[in-house]
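Both complexes shown next keep subunit A, but they swap its partner, so subunit B is in the first and subunit C is in the second.
== the complex of A and B ==
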């Protein structure tokens, strides 16, 4: 009991919670930014056959084929902004590339006939994307998007390498203050548990959306 | 009126259309037949610029179709029905039909739905207005696609093998709807293998092979006294 209260003292819990808050803010910002720019990059790479399409491809392949931690370090040391924003920036530039590929997968799953039907009605390219292609794309990729969100939450733990005090970072600091290895192990287990709870909640949503997505392909009756 | 002048289309080295000139009069029902790979679908797809000709011109009511004005001209004049239906799977039947009228013709949702129900009645699917297309049979999906084409109130409807992807037992329900349409004053260009339909509905039949129009004429002439050897061979194979 004494052991537990030494680990989870009021001060320590508040300290960890502050870290959890940072983790969630960074993860959420990263997901929103990456989703926005990833969608644009995915569209450009898929449909622009000129220089922009090539540039998107270079961007996507560069970040997809290099480790995140490299970019976290590089941006922290090369871009003169506060650590917290540097964290969001490095996570975002990386995750954007991954999201772009997820979006592209969704775009490629759409039948060419959808474009033809839209064009045959007189829709232009951008209208076709907006009303017909993008809605179908996002419906198809909900499961992969949510998986990437889970990965992003876990990826934030890399940020303690540049002394950003997110959840893992705060945990590491606490561990440094503990005297016994038992305390360290218990805290480790607790941190793993916290990540598990957040991500398991997210994956439950994945599973639910997944079944919903399948239902869409099977008969869905909507009452009048 | 649709006018093709010296239209050529190649895909790489493959010459699919060779110097096609053709006029389709307003209100005419034109049926295009021919073996697969003869270029008949490509020709029809040139009429709304789903394929842009490599050479030659396409005129709709005297206006030349260009890459620039195609959306505008198509939106105002031409609808199309596809072999694979190409309904929008993320929308209900009603939304499929009302999308273009609402977004492109700036109709109110209420008016668009009223028209949609009108045409759902024409194709006999009013009770399916709120289901998603994937729940329907092929024949029903194609009838929805026809209602979608009609709801934009175009003068011209292009049909690209509308019954080729259907189960044999649902072909007739689609043909029946098309026969019904043939009585109203719209221009229909129909690529099909359904000879009975061609005979019954066509004002004129074109026979195409190897990217060229080999024979054309009224159904009676066409089926009774074809002059071209290849037409004869094709008909003898298909009319047994």
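== the complex of A and C ==
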């Protein structure tokens, strides 16, 4: 009991909670920013056959084939903004590319006949996208979006590499003050447990969505 | 001119230290290959577990997948690096890389393998058993060979993720490409060229794999409608989506 109160003293708990808040704020901002720009990028890559389509393909492939930690370090040292914003920026530019591919997966799952049907009813290209294609696309990609959220929450822990004190960072700082191995192991279990609770909740929703999806016409395969 | 982070003399200084980058690249490559071997082994075993009918095996596999997939890789690596030595288990950083990243990717591959096995109609297993195959034999000779084609693209994507994830070792000074590049960059205060070079080196490893996976999947869909249809589960879905699949293949 004494051991537990030495680890989870009021100060320590507040310290860790502050880290969790940073983690959640960065993850949530990243997901929102990435979803917005990822949708644009995915649409452009899929439907523009000119220079814009090529540029978004280059963007997507560049970020998909290089590690996140590289962008975290590069943006931290090359872009002169505060650490916290540099964290959001690097996570966002990277996750945007992943989101773009998720959105593209959704777009490709929609039958081309939908376009033809909409055109025959007098819809223009953008109207078709706005009212017919995008709503169906987002409905199909809910499971992939949720798994991307899990990945993003986990990815925030890379930010400790540039000393942004998110949950992992705070935990490791606290761990440095502990001497006994029992304290260290309990803290590790606590950190892992907190991430687990958040992500397991999300992944349970994914599973429910997936089983529901089997009744749909075409399930979208999730790639982590 | 010289104040630019990408000026020419800075590239020159990087070129002189090319060995640092070459060593890092090689370390990353070796760790990635060994970790992939471990991940494949774990993935196939646990993937078979989770598609078996024994509740115990299913449970073991489920626990493995959920624990590993829902906890950040960074925490798992820190645990191997900072936690285990306290109980007398000292692993060198290379081993931590192979073990940590292999076990992590294994959980993802296990899910890929499970999806592959479940895409093979149950009749195949029943037919094999009626011919006297044991469960393991049927898996080995009938089921797994058929899944190879279907699981190759997602498997390759996991290999790409694995290569990218080796960069986590930079956080424990692991001697991989990311670590060497970063420590070189901060010792020389030359960030621009170092990061561009590092990015390119990761890109040459990942891009061919990712592109191959995409093209292979496309080919699979267009020329082999049947195997794509196997991914669908029920007969109703089969008829519902057949025209759509062929149309998509043509696009």
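Just so it is clear, the second predicted complex is superposed on the first by the 210 of 224 C-alpha atoms of A that agree within 3 Å, B and C clash if a C-alpha of one lies under 4 Å from a C-alpha of the other, contacts with A are read in each partner's own complex, and residues count from 1 in each chain.
As a convention for this text, a contact is a pair of C-beta atoms (placed from the backbone, for glycine too) under 8 Å apart; a residue touches a chain by one contact, two chains touch by 3 or more.
On a predicted model such as this, the values are computed, not experimentally measured, just so you know.
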| item | value |
| --- | --- |
| First, second, both or neither for A:119, with subunit B first and subunit C second | first |
| First (subunit B), second (subunit C), both or neither touched by A:127 | first |
| First, second, both or neither for A:157, with subunit B first and subunit C second | second |
| Partner chain in contact with A:78 - subunit B first, subunit C second, else both or neither | second |
| Of subunit B and subunit C, the chain that contacts the larger number of subunit A residues | C |
| First, second, both or neither for A:177, with subunit B first and subunit C second | neither |
| Touched partner set for A:49, first subunit B, second subunit C, both or neither | neither |
| Set intersection of subunit A contacts, subunit C complex versus subunit B complex | 111, 113, 217-218, 221, 223-224 |
| Interface residues, subunit B side, partner subunit A - complex | 48-50, 71-72, 74-76, 78-80, 82, 84, 86-90, 92, 99-100, 103-104, 129-132, 134-135, 148, 152, 158 |
| Residues on subunit C engaged by subunit A in the complex (per definition of touch) | 5, 66-67, 69-75, 78-79, 82-83, 86-87, 108, 111, 115, 154, 157-158, 160-161, 164-168, 170-171, 178, 182, 185-186, 191-192, 195, 198-199, 202-203, 206-207, 210, 231, 233-234, 237, 240-241, 244, 247-248, 251 |
| In the complex with subunit B, residue positions of subunit A that touch it | 111, 113-114, 116-117, 119-124, 127, 131-132, 135-136, 139, 216-224 |
| Subunit C-facing residues of subunit A, complex | 61-62, 64-70, 73-74, 77-78, 108, 111-113, 150, 153-158, 160-161, 168, 172, 175, 181, 184-185, 188, 191-192, 195-196, 199-200, 203, 214, 217-218, 221, 223-224 |
